[in-house]
Structures are given as C-alpha cells and as structure tokens.
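What follows are several structures.
Each of the next two complexes has chain A plus one other chain: chain B in the first, chain C in the second.
The block that comes next holds the complex of A and B.
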C-alpha cells in the first residue's frame, strides 16, 4: 500500500509555526516544511534533532590546525631547515598564523561541503520547487501517513484552525512531492 | 536603596559593605609593609571596575546603534553596571594622583636615551592628570545620558525614540574608541614609558568587552534566580551572550597573540622589554595561566551549544573569565611596579574582596533604582520571544 501525503499551504510564518507544533503534538509525522526564508524556531517545532554539522566543522578545524602545524614543522625544521632572523628552526609563534588560517579554511570548506553532501546539492542539479510561491510568500507543511490514525478530514479541520489556505492530498511516490 | 524593588536583602547588602570596608582597611594597612603592591592593586582594581562600567555603556551604545532588540529584556543589567563609574573613577584618579610624579617621560628621557619632544609633552604628569579627569568625566556624562534616556522612557508614552538613542550612541562609540585607547596607554602602558605597542588600545578593548559580557552573564543568571528577571531573561538570551563571550574570548587571544608575535618576530630591543620582563621571568607561568583562563577554557567549554544554554556552566565559565581578567591586568601592571616575582597575598586578596564588594553594592543599588524590566520599550516583545 502506498502512503499518502498531505500538503498544507499557509500565508503567514506564525500560522506555519503554530500548525507545525500542533500537528507534531498530535503525533503525526512531519515530512518537511518549505519556506521562502529561514523561519526561526521551525527546527524546534518540527522536532528536528540537533545538527551534526558543528562536529564536522570542529573536526575539520582541528585537523587543519594540527595538520598545518605538523607540515610547517616538517618543512621549516626537518626537510629543509631555514634560519629566519636567527630564530630557532622550530619556532611555534611563526607557525600559529598559518595553522589558524588552515583551521578556518578547512573548517569552513568542510562544513559547506558536508552540508552539500548531506542535502545532495551539486552543480547543475535541477531545482525541485513543489509550489512556485514557496520561494516568495507562502509556506507549505508536508504531513505523511504512518498509520491508520492518518484521517485526512480530521487533519484538514485541524489545519484550518491555523489558517491553512489550501490543503492537498497526494500519494507518496518514494518521498517525491509533487 | 528603596526596599520595594531592592534586588538584594539587607543582610546581603550588609555583608557586601563589610567586605568592601574590611578589604579597604586591610589594603590600607598593607601600605606599611608593601606600598608598591598596594598601589599596583589599587590600579588593577579601579581599572577593572571602571572598565566594567564603561563596558556597560559600550554594550548599550553598540546595541542601540545596531538597532538591536534582543537585549531589551535585560538591558537594565548593563545599565546598572554603569553605576560603578563615578566611584571607580574617583578611586582611579586618587590612585593616579598618589604616584603622578612617577609617571612621565622626563626621568627616563635623560642620559643616553635622549629626549623625544612628543613624549615629553604627552607624558607630562599635569597633562596626564588633566586627560585622566577628562576621560572619566566624558564616560560618566555619556553613561548618564544614555541610561537617563532609558529610565525616562519608562514613564513616557510608548513611542520609539530608537533613532535618538542611536545618534548619541554612535557619538559615544567614537569617543569610546579614542578614550579607551588613550586611557589604557596613559595609565598602564606609561608605567613603562620606554616601551610602546600600537596594539595596546585594541588589547585594552578586548579585555574590557570580554569581562563585561562575563559580568552580564553572572548578573543576569543571578537576577533570574533571585526573581527580578525570572521569565524575562530566557535561555535564548543566555545562549546569545554565550556566543558573544566565546567570540570575544577568541578576539582577546587573537589580539594578545598579534601583539606578542609582532614583537617576537621583529625582536627589537625597545619593543621586547615588555615580554622579557613577563615571559622570561617567574611571570611566565602567570602569562600562560591568563591564556588558559581567558581563552582555552572559554573556547573549549563554550563551543557546544548545550553548554551555552546551561545556567551553571555559563556561571562557571564567566567566573573563570573574570579571574582571567584580573590575572591579565596583573600581568600588565605588576612587573613594572612590583618586580619580576609574582606575588599573591593579603594586599591582593584584600583588593579583590573590597572591589568585588563595592561592585556588588553599586550594581545592586543602581539596578534597584529603576524597574527591573524596561517599560514602554518597543523592542521588549521581540526580546521576550526571539530564538537564538
């Protein structure tokens, strides 16, 4: 049996937030929410788990800093020792700026590419805009069927309390929303 | 202090008075056996206090200029911090007056080092004193104007005069940038008049803003526990203050290292003297300690999001930063005044206890002088409901 999806369209950010909170409180499964801009507090209302991107950034940053420290040590005092201004070959203070930059560079790039990877974004990917106005002034909440409690008319009535301007039922075709 | 909205009980106020007076008496008695240490402690303590007051004005002015709304709910905290300015100013000016004759270029500019007309003019003790009075008066005037407007707004009809706030605030920011750079150079860098660093002004600012944020965190959390900011100061505010503290801890380290590395690299005798007497003496472990307290601890502890939203962790980190600020200031002041050997004993303890008590008293008194949450504040709703 294929599951059903319910798409609810809202005109206002506050309606979307309130509806999302209410739908989640009912124990319904929220597939996704589409908004023209980042809506503060939506992640919490949807019950999304904490992003792990910060860990990617931290590990990349540490790798960049330590890797560059090692590389500077190797180039300046092992492979080809250079005397700069009479300083010892292995002078930590002179290594810090580059290690710092490498940490920032790797942390930044690591986070961005991890985000692209996780959200499957790549150059030339075709934009899949489920409703034209979600890039402009409308908000769409997608609710998925998980069990028999998914009674469309009941949910529609609930959503209308939160000023849903339109609701549409779809058959879930492998997570692709039309 | 009106008892109706006093934020501390009579008993705690009495304890603070006892701490302040006992510390001051002990510090005064210490002049018998260690006058240099007492003077250094007075300078560290009064500079610490006055920069906290100034930091309060800075936070208000910065958020006004940015049109910030998130801080509206706890704005009375930085406003209350400015209450220390007059008293701290008096202590600082008195401290400078005690040894004004030892400031100045002239007795350094004789002999084989020659003279330099600008330093001779600029570091003339009388001119230095006049400037010090001018800085302090300017800061107090701006603090009164900005805090006064905010207090008056409580009784006015709810209209936004954010633009007027922003105008005066932006003037203050320009005045602040110049005066803190000059004041830091006049009062602390001039303790070693042969030495100079063009990073000094921003170094002073970095420590000031870091300690200011730490005090705001401690004060807001304590006031929430006490009840005055209960349901007003939210975890979102705490989270954002934590982000700022994390950022400015890194900024302090960045500036500290920038100053150190340029001097280390160039290795010029007239520049290295500052670090010779601090990193090549028994002060070295203290310098390392200040880096641990001011950057390593706040950086690693404040990175995870849950830590920035935890009241108890934030209190502890803020306390570490405040100790770090004291260590940082001591490293600036003690070597030229007291000598190459770090000391910690009765004068230092007495000064810390006295200045902390004084800050607590003045803060509580100023905080109690107005409604704990601004009234008729157009940004208040936004501040109570925003997400960090």
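The block that comes next holds the complex of A and C.
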C-alpha cells in the first residue's frame, strides 16, 4: 500500500504545537512528529494515549519486592536457618531494605528495557533521521493521507500560517518516512 | 500557545541564544583539542590516581595491618572515606530526580554533570569496603548465590549486607538514569560529527534515536518513573549507610536520628561538591551562559538549608546524650567536643555550621569565588564529620583500659588521595567525551524566544 505523506518543517516549538493542534482539529491524520527535545504538550496536541510503561514499572517493581522477600525468607528460614543474635528466623522487618532495593532495581531496569523494546531502540540500529537538523533545532510534523479529501495545497496553506519553513510531499512505501 | 515559563522569571539561558547555539556551545568543548588547563588538571588527578593504585596494591598484597587501626579503633579512614564518597553522590540524584519531581527547571543546567559526579563518587565509595575486606578477590561472596558450602547464604539480617544491595542498586540505577538522559544528546552528536569513530560510537550508543514524538512521549514517561524510583532510593541508601552504625550498641552511634541526619549530611556534602565542580567547569568550558550566577545562587540556598539541618542534628545529638541519662553516651559527646580529637570536632562545626551561615547574604551567594571557598570548606567539614562520628565514638569505649588513639598511616592517606584522583580523572574524561550539560533538557526547559521577527499565530487567528 502506498500512502501520501506531507512533511512540514518548523523552527520553533510554539509553531509546531499550534500547527499540530490545528491539523488535528481539521480531522487530518498525524503520523508522527520529530523534535530535538521533548516538546511539552505535544503528546496532548497529537492525541497520544498515556503510556502504559508505568504498568511495566509497577509489575517489575512488585515482582522484585515479592521475589526478594520470598528469597530472603527461604534462605534464612528454610534452606539453612541460622540463629542471628536470637532474632526469629523469619524476621520480616530486616527483610524490608533489600526487598525495597530489589523493587527499585527491577522497576527501573524493567521500564528502561520496555522503553527500548516498544520504541525499537537497540545498539546498531540505523537511525532514520528525517531531516539532518532534527536533533538540533528543527521540528517536523508528518501528516498522512487518510481519504480523498487530502488536499495538499489547502493543508500547505494552513501550515504556512504557522510559519512552516518548508513543506514536502512524499510517497510512503512500506511505512517508512524518508 | 502560552509561555510555559513566566516572563517575570530570570531566563535559564542567558546571552540571547537560539537552539542551534545551545547545541554548538555545549558540544564545543568536546570537539577541539583539550586546553592546557585541562591537561594540567588531568596530570594532577591521574598522578593522584596512580598514588592510590600503588597504595591499594601494596595494602592488598601486604594486608590491612598496613593501616593505623587497632583493637579499639576498628574502623577509621577507610569507612570514613566510604561514607564521605557515598554522601557526595547524593546531590547528583537530588538534582536529577528530586528536583525533577519538584519541576525545578534550573536543574537542567547542572543535572548531567551532577549525575556523572554521582556515578564516579559511588564508584570511589564502593572501592573502600572492597579494600576493607582484606581479600577483595572473594568479594562475590557477598552475593547470595548457590555455593558448595552448604549452600551457605548471606545474612540478610545484617545492615552491612543491606549496604551491599543499596550501593550496587544505587550505582546501577544512577548509571541507567544517566545513560537514558544521554541518548538524545548522543543522537545530536551523531548527526553533527564527521564520519569517523566518533560518529560510529555515538551512533551505536544513541540506539538509532530519531526524535520521534511517540518515542519522546514514552521516554518522558520512563524518565519520570526513574526519577520517582531514584528519589526513595537515594534516601534509602544513606539511611542504610547510617544503619551500619545505628544498629550497633556503641555510644555515639546507637541513635534513631542517624538516618535523617546522614541523608541531610550527604546532600549537603554533595551540593558542595557540585558547586566546586560547576564553578570550575563553567569557566574552563565557557558555559557561563548556561550555568549562570542564578543557578549557583539556588544551589547555595539549598546548601545553606541542608547545612542548617545538619547543624540542628549536631545539637540534637548532644541534647539526647544529656537527656538520656546514660553516662557512656554523655561521656562520648563530652569527649567529642573536648577530648583529644576535639580539633576534628571543631573543624567540622566551623566548616559545616558556622561558615555556611554566610550564605544567608545575597552578596555572598552571588560572589562566586566566595561560594567556591565555602563549598571547599564544606567538603572538608563533611569529611571530618564522618571521621568524628567513626573515630571519636570508638577510641574511648566502655573500659578505660582499652582506650587507644588512632593515627592514619601514609598508606591510608595515599588511598584517600587516590580516591580523589579516580574521581577527578573520571570527571575530566567525562567532560571530554560527553556533553557536560543535558542539551535536550536545556532546550526543553529554556523555551528560547524565536529569531528573525516571525510572530506566532494564535489558534483563533488561524481558524
């Protein structure tokens, strides 16, 4: 399937934000935006759903804490019970610090690796830099054709109102933006 | 779109910069050849590191008998240095995580180097317990792994083992936090460098980052999660370090005030180290427009507040000793202030409590050389704090017949010098190979004005 795409380049985050909001209000499909830094409010302007990575973190953290609590219990009172200063073998308060550290460790690593997974970030990946200045000082908005009403000239005029410095039409082949 | 920072606030980045200028200014120190000043600093710190390597080599080969410890004073320089370096690390996490949660945008100018500082300080800290083991090649015995001795497991009821987990988790999470923050900046370096090894390495490490808003959206979520995890982590680490002492029944150690007292002290000493490093780095690397006097002033205010908490803790300790009615406790504190090591105690009080009071004055906070001197003195004072807590509580214990004195040997002093060498060598290398300021974060927080007279179109106009 081939799709038409419209790439609009901006030089200020305010322009990108305003254009994104306007384009979305017109009912056009926003494929993605490319920015040199996290533009606050862009996720809302693009209508992105809240990330579910928080759940990954929560589940990993809980797994870390419960797993470590079980392990501490098992080593200290099942596998080889040793009397330490007359404390009970299964002394829960003294198990808390290490269980907490395990929760933080697993929660942190779990969410970072989940981020790498869902965003397909891995060492050796060829970066697909849509414009050379995208990691420096330019912002690109990518609009996709969804129906016959995709009138390039009209949209281009709209984008010029928001100080788009350049617009370019592309044919999207295999879901890649050039 | 509305301004995200009030125009009434002083700008985070001065000098009328564009986004492109920010990239150029921050990556500039990495591009050219190192300056003479950098080489001089590197020569000094790597010499100190070599001294440390020689000293550590000797004491491991010979044994811990090369230290000045005796049967009464069983912990001295080594544990002092350990607690000192762990503490230094804490300000990095405070700036990168706690201030992030409190939405303090000025943190963007210093968080990258503060996080690097954390990483190197925790590395230095980790060395000391390793050396203290006497047989560091068996350090893996601290990890609970199935073994042929039973399996004999580690003692999860011991604060010393909690420390193993706390410090290693702290090191790993700090490293991940730092690396995740670096990814977008590494992509910036990748796209700006000529084909060659620098580009290839930054391409591998930036993981194919393309600046997609969808990735940024997830990235921000993970960054917030890491900040949320690192905040309780940083408090737990020094709490657990303090429990190494507080769970022992030694007068002077056995108090419930230790966890908050240690955490405040850690952040205090760490802020002093951040100030020391940043005041030098901004000059040497020409980053005066990014680390402005305003940033220095805010860090000074934080340092002052932490110093006051530490001062309150010193007072509380004395009050509790008097109020407890325990003669051993009372003796330890009298001995601390007026005994043979009283010079260390009063150095600590003057450097940590009295001198930082000067920071109440705006004139002092904005006179950068003065802030630098105060920061150095706080570093000295905080090292002495740990020395005072450890050595004065031990050297005159319950039985006067076992009282002893502690004098560090040259080997112990050389190890301390070596740890400073390791820290500064790592920091100097970091300044050369990675952007010392988080480029993407500064750009996001500064909300730089537009150039070229183009005006924003409001939504209503366009509609």
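By definition in this document, the second predicted complex is superposed on the first by the 177 of 178 C-alpha atoms of A that agree within 3 Å, B and C clash if a C-alpha of one lies under 4 Å from a C-alpha of the other, contacts with A are read in each partner's own complex, and residues count from 1 in each chain.
Going forward, a residue touches a chain if its C-beta (ideal position, glycine included) is under 8 Å from a C-beta of that chain, and two chains touch if they have at least 3 such contacts.
From a predicted model like this one, the values you see are computed outputs, not experimental measurements.
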item	value
Partners on chain A (chain B, chain C) - clash or fit	clash
Contacts of A:97 with chain B and chain C, given as first, second, both or neither	both
Touched partner set for A:40, first chain B, second chain C, both or neither	both
First (chain B), second (chain C), both or neither touched by A:150	neither
Of chain C and chain B, partner touching more chain A residues	C
Touching both chain B and chain C, residues of chain A	40-41, 50, 54, 85, 94, 97
Chain A-facing residues of chain C, complex	1, 4, 18-20, 23, 144, 150-159, 161-162, 165-166, 169, 172-173, 176-177, 180, 183-184, 187-188, 190-192, 203-222, 225-226, 229-230, 232-233, 236, 240, 243, 439-441, 443-444, 447, 450-451, 454, 456-459, 461-463
Touching residues on chain B, where the partner in the complex is chain A	257, 260-261, 264-265, 267, 303-305, 386-387
Of chain A, residues touching chain B in the complex	40-41, 44, 50, 54, 58, 85-86, 93-94, 96-97
Contacting residues of chain A [partner chain C, same complex]	11-15, 17-18, 21-22, 25, 32-43, 46, 48, 50-51, 53-54, 57, 61, 71-72, 75-76, 79-80, 82, 84-85, 87, 91, 94-95, 97-98, 100-102, 104-105, 107-109, 111-112, 114-116, 118-130, 132-137, 158, 161-163
